[in-house]
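Here come two complexes built around chain A, the first alongside chain B, the second alongside chain C.
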Partner chain A sequence: MARTNEAERKGIGPLALLAPGEAGLVVGLSAGGLVRRRLLDLGFVPGTVLRAVRRSPLGDPTAYSVRGAVIALRAADANNILVRRAPESTGATAAAPDD
Partner chain B sequence: MVGHHHGGSPVSDGPTWADLGRAARAPGHPVVALAGNPNTGKSTLFNALTGLRQHTGNWPGKTVLLAQGVARHRGKSYTIVDLPGTYSLFASSVEESVASDFLCLARPDVTVVVADATCLERNLNLALQVIEVTDKVAVCLNLVDEARRKGCECDATMLEAELGVPVVATVATKGRGLGRLMDTVAGLNSGTITTRPKRVVYDPDVEEALAGIEPLVTRKLPPGAATRWLAVRALCGDMGALELVGDMSALELVDGTGGAVRKVTEGFGLGPAPSWPAARSTTSTAGGKSS
Partner chain C sequence: MNPPQSPVTVADRVVASLYRRAESIAAKVIAPRSPAQDLTPVIDRLLTSRLTGFPIMLLTLGAVLWVTVVGANYPSQVLGRLLFDLQGWLSGAMTAAGAPAWLHGVLVSGVYRTLAWVVSVMLPPMAIFFPCFTLLEDLGYLPRVAFNLDAAFKWAGACGKQSLTMSMGFGCNAAGVIACRIIDSPRERLIAILTNNFVICNGRFPTLIALSTVFVSQVVQTTIGAGAAAALVVVGIVLTGIVMTFGVSWLLSRTLLRGVPSFYTLELPPFRWPQVGRVLIRSVIDRTVFVLLRAVAVAAPAGALVWVLGNTVIEGHSVIAHLAGWLGPLGRLMGLDGFVLVAFILGLPANEIVLPILVMSYLGSGMMVEMDSLESLGILLAAHGWSWATALSYMLFSLLHWPCATTLLTVWKETRSSRWTFAAAAIPTAVAVIVCTFVAGLVRLTGNA
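Then we have the complex of A and B:
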């Protein structure tokens, strides 16, 4: 039981941890105030499925495909978004989709 | 063209948003604002409506250019203002605050929200916010051809019923639907089309906080300003809105209501959604269109 919870928890982390090509589900926002408001306005609402699209050559920012638009976020902002990595993109259950 | 003017309070000195509103307001030319997310074809629509009859003006005190043009429709001229693309009226950049302030303070006669039919959901966030600011609003459902190619059919009639404001499908690049869009704008301006916008009613504690802030906002602003929406922005700690209000007691009020704000923001997406009124009419007449 405890192990399952731990495994579950392992799948949850800040958005910046998603590598390009990986998908995730927004489970929460850790920011408050206007930063939170801004992220919600951009479509990072809990329950949203998103995908990391590409990362800039210097590693920051990263572009995410979210609700029909591609939005680039700096890691500092992306770290305010908690996501659960989609199972198929963790490599644990299946090979990662190659798009 | 880039000015360095910075008034202490945009309300009391120097050229202001109200001046811009007046400048745009040639006699007998209703002012029509185009609002929308980035990349919705808003500027394409603007160009299609105004042709070469356009110029850019500087927003007072800010280095943002606003494109203005004249559209002629059925013998009448309309001043069209192409606002910067924005995801939200909760401003987080200078461009966005210009769009937000223009809608809240310059009070265009009609506002058109240009929405991308290929990712409509994302665009409805702004549409709902604009609907909170004004009654005289229509949604322009643009790029419907591209949406169709993607296998997505948008039901404008149903959307109209859901939002309580007119929805017009367009393909701005091909000029399709623009006549009907301008007919709708004309009807909203003249009052032959009335709307019944569906508005968010917040939780009682938030409504109570807003009721406390709104009178302060109202006292500081000219008649007709979107005081409720500015109160919402102030309640969210939006310093731009507080600057416009320029009232320390508003700031104190915001501090005082911080608990309500936290409760709302923390509950977002987790707690119950804001209640959706069954039918809250903001105009006395029914929401039918007659054009």
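Then we have the complex of A and C:
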């Protein structure tokens, strides 16, 4: 998936921008109500480190490793989570992307 | 620090502190699995990659069906022979005891013969299919299937969890409808409920397997080859049902149940080696015996009713023959006949008994033909004008037609709405009539059969 230059510069963007293998730090949730509640329940809490693990063969959803569990989110839903891309993730962890 | 569109609320801080505490406790008491021992990522890469994900799904489905088709053949024959030997003995005993002809008819030709049919045709495939399916379930494969197929559900405006409720439907549609409770959005739950019937349930699998085996074996000769070809036909029917699910879900979310897919999450749990012994016991007792007992409980009275209808003669014909005569034109339009439609209507209580009812009404009164093998089924159907095209129409109608009474009752319990219960029966029936008429027309046009 293409990353926008702007997001690249700031390093902050919606979760769906993480390519498989990349890690990020949750900085905030843009959803409200039940969706926000559910994301918090699953451990998408500000300050959490997570990693995009793999994408579905049809392109969506993407599975994220968060606190030892693997949770799949559709891109539209993953955009409720704002992350800062972890700088080190572009090196070592990105070495094993899917496919 | 935080961008304005993502305020961190007080609630967020509370949750974060709870997680921090949980984390510090977990760090003290849990030893992490070493990455080298954990094969889950490796297996996942294989099961969900663009290259191998879908082929593996199809192969798994095909393999389970092939094992069921080939493995069920022999025990089915042995059981059939045994049960029909017992029928001869029962017959003799009742005659010796001086039972009147009608009582003998209802109990032996009606109740017993239908029961023997249900048990000998259904038990072996169920005893193979259910454990295979439970093994896959236990392994953790089903969430991967949901992961692979999710984009299609999104396209259809449905919830990705629908693939889990569909998997449940392979066992029993009523169970599948209850499973729809896991879907939070009322709109998407209704879509999943209304389309669950397009997944072939266990009550219909044995019929599909029997018919495809009979009609494929007329073309392919060797046992293994015929078994594989029959499994292929069944896979084709199953896939047709899945395509129908997507199509009807898509249509529903643009008409009756307009809306966009809502938020949901899907967990991909780590793979575990299934506890084979426990799986066998659980699937045999929980599923096989349960489904078989239900089939038997429904088949016994239905067998008696069919015998009575088949032997009550009005103006020279049995009641079943009259009904079949009225429904004949509609049946022929769909590549079937009136007797098939009567069997489907009388089989409303349970799909398991549709084919036995059809066999009973084809055999008619008095004629004591032993139906102890798939060959004799083939001979009987051919004698009533069946070709491969009739078998195809029958399988499609069985796949698409109204759900059984148990499922309809469950839909009513889950929705508390007679309108949606009616829709759950009317939508599949309309689809079945349209598809079967289309296919039969195509067969007529191309001059086959």
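Here, the second predicted complex is superposed on the first by the 80 of 99 C-alpha atoms of A that agree within 3 Å, B and C clash if a C-alpha of one lies under 4 Å from a C-alpha of the other, contacts with A are read in each partner's own complex, and residues count from 1 in each chain.
Throughout what follows, a residue touches a chain if its C-beta (ideal position, glycine included) is under 8 Å from a C-beta of that chain, and two chains touch if they have at least 3 such contacts.
Predicted model only: the values in this text are computed from it and were never measured.
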Contacts of A:73 with chain B and chain C, given as first, second, both or neither: second
Chain B versus chain C as contact partner of A:56, first or second or both or neither: second
Touch count on chain A, higher of chain B and chain C: C
Intersection of the chain A residues that touch chain B with those that touch chain C: 28-29, 34, 38, 40, 42-43, 45-47, 67, 69
Interfacial residue positions of chain C with respect to chain A in the complex: 1-3, 5-8, 11-12, 15-16, 19, 23, 41, 44-45, 48-51, 53-54, 147-152, 154, 160, 261, 263-270
Of chain B, residues touching chain A in the complex: 37, 39, 87-88, 90, 92, 116, 118-119, 121-122, 125, 236-238, 262, 265-266, 268-270
Chain A - residues contacting chain C, complex: 12, 27-31, 34-35, 38, 40, 42-43, 45-48, 53-54, 56-61, 63, 67, 69-74, 77, 80, 82, 98-99
Of chain A, residues touching chain B in the complex: 28-29, 32-34, 36-38, 40-43, 45-47, 67-69
